[in-house]
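Naming follows writing order (A, B, C, D, E and F), and every chain is counted from residue 1.
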């Protein structure tokens, strides 16, 4: 069994029930999520031994975050305990023409205030096969940026494959700062994952011919973006998720994997959305699983996209699907017929 | 800041959760709503000072109705307290081919039993810019019909612009009675709002070439209806909401504003419905806001339709959207992408 | 008023709320359902006197099952009390590309362990017009298979019309065993109901030219299946439900009634699904009602399909619609407009 | 098996969840209840054939009320259908020093507007053993007062035993009016039930030495009240419930049965309250059951008090306890130990 | 009508449902509260015009906090908008021997980061009669400490009566720091409110003879504490709430008002707790109301204690009781009998 | 850190919300529990490495049971996967004089059908310090009885301390059968735990002078029972939980530990019950923790009783309390004051 390590923040997610707005609700659905935690849970569901590295306060809210991971089999013994707060995000679902809305309240979280030397990367990477994180983590603070750099260096030393989802968040840092820090980190990265906006926001690399907000995507454009990324940083692979937003309720979802030689595009799924948060993360997890399992590129991107297609039908950040369910969809059964 | 006054009934709305039918539920979602209250809340959300005139019992159910308005910034000091009951309506959501269903239990409500002289219209209209009500209010009782007539006369004396949404309800009165009373009231009205059936039901004015139940709409037909209405009553403007019901889950939604010279048609939105009750009211509120803000006719109808398009994605009667959200949609961002 | 008898199992149905998965939920919606109980409730809602025959434990879970039937007017005095357990099924809703999932926990239920002589079929069929059951019941155990055979024989003796929905469940028995037992039972059946897979699974009769999983249906193929079924067993009529699964959220739904002379196909409805479980049962109930009411074949299949189309918009197994609602849809009002 | 008839109103009961106040809640628990309906349900739970006579609208809220009775086995075929509304009552739970609160919205309900000749008392009382109603019913309207009088006369003619719970409601009528009408009706009553205030409020008969609000009860006083009542109206028996309100959360509960010869006092239960509404009705049902079953007076009052003691631990108006549970408590097992 | 001003923080309160622990819940009840906001709501419920001064972010969580106040009639136009976050507190109910638990996540809230000059105290205190705050507010930050000092000085200049609840929170500051800052502020305070621990924690003034944790209170001891406080700061009055914790479910609750001449002790209430958070604040509000209404000292303390006794029976921070309800309890009706 | 192993069944627990009865609810709270699983969770919460041995089906309900353990840190890698069903129990809360009620539906569960050789006891007991199970497990089937015997023998061989809670369940087996099998098993047991009825039901050993249903306990009697048990089986210690049921809402709770020399009685706690299921298991867990930590007998029984006292305030089977919380109560802080 492979061993994967992810590092990042896990937040308390507070969502009004159903389609209620923040201004209406007097009750929040409480769950936990965060880009790298989501990847860890998804991989655990696929049977991979997955360790999540982070810092969480000792109080019950911190413990609840840890328990949420443990419940789905993620290994939590590398989570440092201490600090003051668990980051929070408020998440309101969109519907039809009304966009979803996320309000972050994550500043000063324990993980963002943790000193780089609180993590024992040598121990963490022992026997590990893969290390994954996203561009959100270095954006949290100077401390996490430094920790990310430490981690990728140690990973490389330990012969661990490294993947990074660019995941640009404009509320956390500027494109300039992101470009500088991510540029440095990406030198240690093997596989780069991005959505249709990240490459431009972080590195100024544009998808020629695409109109993100109009929802039209051009395959050649994306291939050229991936090529440029791979050239600049020497990535072994670049994967891009392709979302066409027809409305907050209906999207088209597909993906691409560029291997340095060729771009492999997946099937495109019209998804009727239950919850799209974590869609990109579930793509990442699917891709890591497929690559760890030596899938060929076309199969890998199909697996990753099928996995993340299913995520859109699941409440919360975590992609609670089994290997068998993903394989079934990837193999072409789209009918959604009841399994008895 | 403008000051708007609306007059009408606010009811307790009892809805089974999600898509449960009345015969299944053992719990009701409780909220408050009513045509003119909905307009008041929507305008308050846009930053307009809005006063709601009505009568509510002194007991806690009456107080809860008042609090529901106050919560969203509506001014409630012109609500007379007394009487026996708060009107109630039971509201079951439709889905797919199953229509939504409304059961009214509003007879004998406090506002329907209030004497015309319980309202101080001179005081109410002091410094007011606009007065709005709908055809539901005069339909409640002889007393409210008389009060409406008092109100529009006083409004005219005070130089207040008057708008009326015809809002015909066949359970409340006959077309004959509606035609007679509304005919008298409409002489004091500046802006008339209607849906695709009202003009015919109340005044026998038909939209030639339309097939309401088949969901096909003819632009020329609606323009001619508006023209006839304007001619008969001297309206400065006539606005019509255009709903194409493809099913209880999916409608097309657009609108028209006729200014005496020309009919301005809005963009048409395909809406996946969360809750369509109050759709017409949110159109009215959007229109009043746009006209108070001196929008040109095309922008006004686009704003009104964008506003009411969003209402279809929101639970309850009230249109809880901000100016910025409406402006964003009206400006052409239909993608429903998550706002972080 | 007609008197109908149905015999089978009623189970406790446990469903996670909304679109939650089994692995997420800490609460289950609890309702009751089962193929023949669903038919009984649907017929009771149409005003037919309907008796449900089964066995239920004396404890509160058994009583709650009985009460669920009684609530909707089903006669329960022919339910034998005793035995250990109420069968349970766990039901997770699908969405978009994610299929719904059913986990059965029905082994050893009271009805499956009841001896054939616990039921007084002579008394039960007194004054009865119709007897209905499905292929699930004889699949439960040797005892229920024998009881079914007893029942159809007694029904025939009493001059009661018999209908059977093939309803093959591969978790309960093999095609071979089903073919053998159902083959014997069907000799006493007047009307046979099936979905697109049953005829093949139970009797090896195939719908030529159809691709069930791809969702393409061929009218001629189904007609030939019905013809073959009618020929083999001498059925007076064969009805087939036709489901095209576009996804777990959206299906097309229609049906066919073959009368020995001709195949009558209904209108096809695109349904946006709230809950599709019990869809076939509501078709059966609609058909029985129509046949008891001497509808012509085209009207009968339209009524049955309209009835079951509406079921897809209703939570739970039971089809809680009135005669008037079905008639309204069957007559062609698809708009789903709010009924006030 | 005995056959009992009760006549009165069944209302929709809307209660905030848990201990929320009306001003806080955005959701109501919806159930149904009413004095005579509560008695009917309780008797049905004891295995008695019980018919409820009333009038309910044809719409779904009326149907839901009927279904609520049917669910627990009450016979509903004597319920006339028609009229406009189902009476409603809002019910807020008290706690500790904060009293519970009930807001009635029952005026103009279907049953209160039904003409006396809508009920076929001759048919209703065929084979009946007992007729029960409470002082609430004649208080609803002139029509129901007349209907009550009709009913008790017909009951007497048919040899049916009649019981009446005085149940004075000051919001419905004055003591004067109650005294006059109830005085007339009581001439046909065999068994009279009252609480500690009713006799005084309706007939000016006081329980000497008691201090209702202070919660002190004097056995001799109650005996003398019962004696006076029996003397004035010739009752065969007078039963009185004795509530000592220590707080909204904790009461002492006991009862007395006076048979013309002697007063039999029950054991006194200290109850920690879940829901006390319907406590008196469950006492009435217990008493009727015991008298129909020829219990001796002491056993009868113990059974009635045990039954109603248990009601205080059950949510909603209906006393959902079995004969066995009441018998167990009445026999002296107060420990509340888990039954496995 | 009097005008009262309070200044402080309003937080989002997140509570598991019922008695669930933080580690169990996947849903939070969301409400808003904070010492001074609680006082404002309580006074508004008594009909007093009450203005709450604070700072809240412009996003929807900030708006929801403001709406929660507006709903209950508190004037919110003096709330400055801006800053990043709304303070949060997690609140788990205790039961029996298990203590309730509060986890604060309030650091860096908008109000704690607001500059003193963001508030226009001259405008705020125009026509005001009373200013109230608690020791929590100056403990939030240097900025709020300074703002408090500004406020009390301006209040004194404007002839506004000032009250302060010591409300020591050891997680926010040390006794030393509290003593220093509160010592300075208290020079401008007219009425001081404290619980059984505050005087000692803040000023080292002990209640001789009391054993807080053992729950034994000595009246003379409290009188001497009040006397010392009054002497040191020249308070016009000192009020102390007296809580005897028998368990997390049951407390005894009473209070004392010392006027410089004499200590007036209230009746003592045994309370069965629904939610005790905000108990002290509701005492403060009751006291302010009574003093503004010129109650004599005994009546004032009885009113304040009755008000806060009722708070213990109400969910959330806010004391949603009416004047009439408090008066009724204060007048001696403890029975908790249902009000119909 | 110690390593503890427990073996038994974990069931799906379905409970109506709050105080609803089975006959009312349309929703169940779903959690998991079972005597030995409860002990495992409790010990994990105290920081002990605890392994649960059982068998669970591979489907999602089985997985959910496993996840429930994993969430709280229990090691689940010794759970065999396979079989058909997860045992279920329905659990209705009692209140006041109404007893709680449990309906078991656990027959044919996977663990009860597992062959003894499916468990690798040698591997399981490697490095283990303690093995715990209860009398429920051998009562499930012949197979589990044999497995228990295998387990205790292997435990003894491996030098592992063995504890057993007699936990007699009359629905599972007769006293005769229990006496025979438990008599054999107990020869390998070091510490025996029982409640006030078990010793009599299983071994016919009576607590002289106690009246279980009347709730009166005699210390000498219990001491003599413990002495007899210890003599017959050579137990190192016998612990007895002492419950006095005043009602379903209020119990007194204490315990005794007999060490062969002396009986140590704990403090007695009056508990206001939230959920008493699992109370005995939490006592067992507390006792094991204390003995593993070498507490003296008085401290051990105080810790065990404090731990289980707290359990009564927690929803569900699992005792979700920390070491610190138990220690705090055991040290004498009963006030239940809010921890901020």
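Rule of thumb we're sticking to: a residue touches a chain if its C-beta (ideal position, glycine included) is under 8 Å from a C-beta of that chain, and two chains touch if they have at least 3 such contacts.
Given the structure is predicted, the values throughout are model-derived calculations rather than measurements.
Considering every other chain in turn, the ones in contact with both chain B and chain F prove to be A, C, D, E. The most distant chain from chain E is C, comparing centres defined as mean Cα coordinates. Chain C and chain F, compared by their mean Cα positions, are separated by 45 Å.
Averaged C-alpha coordinates put the centre of chain C at 62 Å from the centre of chain E.
Residue positions 18, 21, 23, 26, 67, 72, 101 of chain E are each in touch with at least two other chains.
In the complex of the two chains, the chain D residues touching chain C come out as 67-68, 70-73. Interface residues of chain C facing chain F in the complex, by the touch rule stated above, are 14, 21-23, 25-31, 59-61, 63-64, 67, 84-86, 88, 90, 92, 101, 103, 105, 107-108.
Chain B contributes residues 18, 72, 269-274, 309-310, 312-316, 320-321, 325, 329, 333-340 to its touches with chain A in the complex. By the touch criterion given at the top, residues 18-21, 23-24, 94-102, 104, 169-171, 213-215, 245-250, 276-277 of chain F touch chain D in their complex.
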